[in-house]
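Which chain is which? They are A, B and C, in the order written, and residues in each are numbered from 1.
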Amino acid sequence: MSQWLQQVIDRGQATDDWLSPLRAHALEALGNAKWPNRRVESWKYTSLAPLEQLELSPGTTAGEAIIEDIEGLNSLDLVFLNGKLQSDISLLPLPQGLHISSLLDASVKEQNTAKALFAKIKPRRHLFGLVNDALAQDGLIIDIDAGSKIEQPIRIVNISTEGQESHHRVLVRLGSHASATVIEHGQGKQASFSTGFAEYDIGEQAYLEHYRMAMHTHQAIHIGGCHFSLQQKAQLNSTLIAYGSELSRMDVDIIHNGEHAKAKFNAVYLLGESEHFDLHSTIEHVVPNGTTKENARGIVGDKAKAVFNGRIHIHRDAQKTLAELHNRNLLLSRRGQINTKPELEIYADDVLCAHGATVAETEEETLYYLLSRGISRSQALVMLNFGFIQELVDQMPNQHLAQWLKPQLQSRFVEMEVK
Amino acid sequence: MSEQLDQALSRKYDAGFVSDIESETFPAGLDEDVIRRISAMKEEPEWMLEWRLRAYNNWLDMEEPDWAHVHYPKIDFKAISYYSAPKSMADKPQSLDEVDPELLRTYEKLGIPLYEQEMLAGVAVDAVFDSVSVVTTYRAKLEEAGVIFCPISEAVHKYPELVKKYLGSVVPRSDNYFAALNSAVFTDGSFVYIPKGVRCPMELSTYFRINEENTGQFERTLIIAEEGSHVSYLEGCTAPQRDENQLHAAVVELVVMDDAQIKYSTVQNWYPGDENGKGGIYNFVTKRAICHTNAKVSWTQVETGSAITWKYPSCILKGDNSVGEFYSVALTRGRQQADTGTKMIHLGKNTKSTIISKGISAGNSNNTYRGLVSMGSKAEGARNFTQCDSLLIGDRCGAHTFPYIESRNPSAIVEHEATTSKVSDDQMFLCQQRGLDPEKAVSMIVNGFCKEVFKELPMEFAVEAGKLLEISLEGSIG
Amino acid sequence: MLKITNLHASVEQKNILTGLNLDIKPGEVHAIMGPNGAGKSTLGFILSGREGYEVSEGQVEFHGEDLLDMAIEERARKGLFLAFQYPVEIPGVSNMAFMKESVNAIREQRGETPLTATEFLKKAKEACKQVQLSLDFLKRGVNEGFSGGEKKRNEIMQMILLEPSLCILDESDSGLDIDALQVVAEGVNSQRDGKRSFIIITHYQRLLDYIKPDYVHILANGKVVKSGDASLATDVEKEGYAFLGQDNAEETNA
């Protein structure tokens, strides 16, 4: 039994609040869990050594979190600092049909919503999902009434500061025919450890526009997940923008539980220095007639290491499924590493399924062309890198967010540039 | 339609018969004594016995791998006998007249013509029957060219320097569980040596046969191609119907020196088990090639048999400009399970690899492609292209793809694509409206699906492969 | 040779044919026209035996035998040929190999000796010439990368090689330019020998300028509502299907 996991179990058992019965399953599972090593398939390319060396201590909130306003976005902001909610929900002007409460202050009704979602969508195999189940004390419950179309984006910001450890949880339910935009924005630079898991239940014919910015860099350690359950004719459009850090890992699950649902998932990951980023995505087609399109693009510079594992699992009865997965990678330096594994597990025959993965470098010809027009090498690389992921950024439905993102990405490229 | 298809797919295994030849078989079980006895039966020198014993000790410390996408009842290694040979071989016949006639009749049934007049044009045959080589023909012709093609047990005596130098150099004893087992108890296989600059004058081939119950088949093949040489090697297998599962753990090592080329083709037709998944061969094989500068290896395989297949022919592209190719058609039906693929390890500059894998699943089977393409940090300008296609026939089977791509060099390009489809109703309707019955239609469509791979096979094999694939009970494609 | 009596059929629980009658004698050319959704293609599919169609009532006799009782390939071997509106691709299977198989399967049924490769190649070359397809097409995969016109001509070529007794052409003129249309028409006309019968399914009258039908039937709402000779087609051309009345002329989304 790993010491690290034992600490988690001890702390989980020590907490006594209305979430305790929900935590019970996680504590049991953790008791039987083994600390992952290279032989465990889902941790094959990602070492947990940085985490083992870290001493756990629950976050103490000090200071204020200052977050950037995104021009034109006009979002409803909910800010967490080291896992504790800073915003006062009662002061927020919530539109009709939108109900938000924090896990700590949930009313009985809200608790019931939470119980229906907590750890029900997120698959149990995610070890750190279980850790989060055990340790998360604060978080959000977002419930959207059937038929409500929430125009204003809901932005959940998570900031981690030096030496802090935090765990938070988001549970979202969209009633049938509802629609909403949720932006999860995580960031942290200094040595910190955070886990953040979000579960989304998208009701019949509901539409969720979703963004996860996992912009943890440098010394930050972040392990998180987004898990979506799609009911009949539901639609999901999700974009992940991820940077690399000491250790960054993201698990995404898209589960088709109702027929004729459509999911689109785009991911961009950018790493430099000695950063590490690992994206494991799983698309489950359980029922027939579902459609999923996944597109992931990564750029890896310097001594960084990217891991991508994209799995499509088509169950026996999921006939007439259309599933596509594409992963393209650019490796900028000899000391960087890319490990990609697109997987197909198919048990139904009347399906159209394809995946592709490529690893290449910036084309010399193209670079030369830019240089010959007087553009500096670093500028040229930024332009080319940007071009590589531009398509996915342009596909983001919220263009205010896209506009805000572009300069962020450009300064990121400068950071990542081959030295 | 699916009912008709199912019937057509359960064609009887036509090589299902048993030779009633007396065999000398060891009792079941494995320990140091058994290994000493095997070595003694073969009159091996001390160094060979040492080599085996070290492998055995490695094996004792290892664990059977369990990550493959296959499920099987645990193998009881103590319940298998590790040596079985037809008695008449003990006297080492000088000519065919001295060979047990029953044995020869077995080969005839299998279509292996030992008699010169019936021989396939220019193909030498090293026929292996239950772990001991029977006759190697056309040695004279090969000797003229300086090509050595003999059973490995003979090579141990006649060419010990070569064996000592290269055995285990591509697949070390401790490489994996089944390779370790094989290294301890291998009984026979082919040894091929092509001298510098020689193009082997004909295609070499080996037929294998498992006969006795509970006898593991542990073949070991070593092919050494010196600088600038060329050879094409064919491996074709067949086995009789049995109730107990039979274990097959083979190792094939290819050493390809500068500017040399080896083409290794396999058509595998082991007994796959009955409709309930009972019986059938367990086929665990480690095949690997090391390529030096400008060398080239082509692995081409058509796999239709075995209850379980676990097999990853691989290339270590060590030398600059070396090339590795893998062309495979794997068909599973009934309750077969296959977890196969390839590993292309790019170490040298400008190395190139091509992978074309076609998987066909039918019945209740599961067909998995597992591949690894690794670009080392020094693999400047390396290139890989992979195309994995799966065809599903019926809705109770599975097709899976797990390609691992690891890249450490920015100038290396990896391209991987996979598609999954089924024989479409529209295609079936078109063929049937043109007068073809459903079995014929499926057979034709499947053949079209595999075309890219079939054209890489040597002629005789391409024909056998097409036949093997034909799902109908009779006839062959024109 | 073909007698359809009171045919009722549905697909995906929708009733498409609601009491269709048709009588075709050897050597006759019958055109079937009608608004979209009337059931024209459905008729072709049902006659050839495609799965997914339920016949609830009625009979079809082909050469005096019960057609509906036969498997798809059996009907083909007895001489029924359907030229598809949207021919499907079969990658990796050469046209040559496919057609030789097909020709020999049908010959075997008739008690004729199968053609050797050389004999077949000779016939194939001639057929290619007739439909103005270059010999290269024989080596390519079945319909692989073919343009619309090439696919239609490929269908006619197959018809020429298989020598069927009843040819059903499902909108063989759709999407064709005037030259391709003439090639198709010539191909069909060259096969009219007084014994072979044709069912020409078409939405427009244009093809019938080149292939003169003996009878024209208007199919609407699942049954034949009007029959006549070739002049009926010209009437339809002038007045459209409105003359059938509001209900019958409605175009449904297929």
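Everything below uses one rule, namely that a residue touches a chain if its C-beta (ideal position, glycine included) is under 8 Å from a C-beta of that chain, and two chains touch if they have at least 3 such contacts.
Since the model is a prediction, treat every value here as computed from it, not as a measurement.
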item	value
Arrangement of touching chains [line / ring / star / complete / other]	line
Middle chain, criterion being Cα centroid separation	B
Rounded Å distance between chain B and chain C, as computed from the means of their C-alpha atoms	49
Centre-to-centre distance between chain B and chain A (centres being mean Cα positions), rounded to whole Å	44
Averaged-CA centre spacing for the pair chain C and chain A, given as whole angstrom	55
Residues of chain B whose C-beta touches two or more other chains	none
Parts of chain A lying in touch with chain B, wherever the complex brings them together	41, 316, 319, 329, 331-361
Chain B partner contacts - residues on chain C that touch it in the complex	48-51, 71-73, 75-77, 81-82, 84, 87-93, 97-102, 104-106, 109, 117, 141-142, 158, 162
Interface residues, chain B side, partner chain A - complex	67, 375, 377, 390, 392-422
Contacting residues of chain B [partner chain C, same complex]	1, 424-427, 429-438, 440, 444-445, 447-452, 477-478
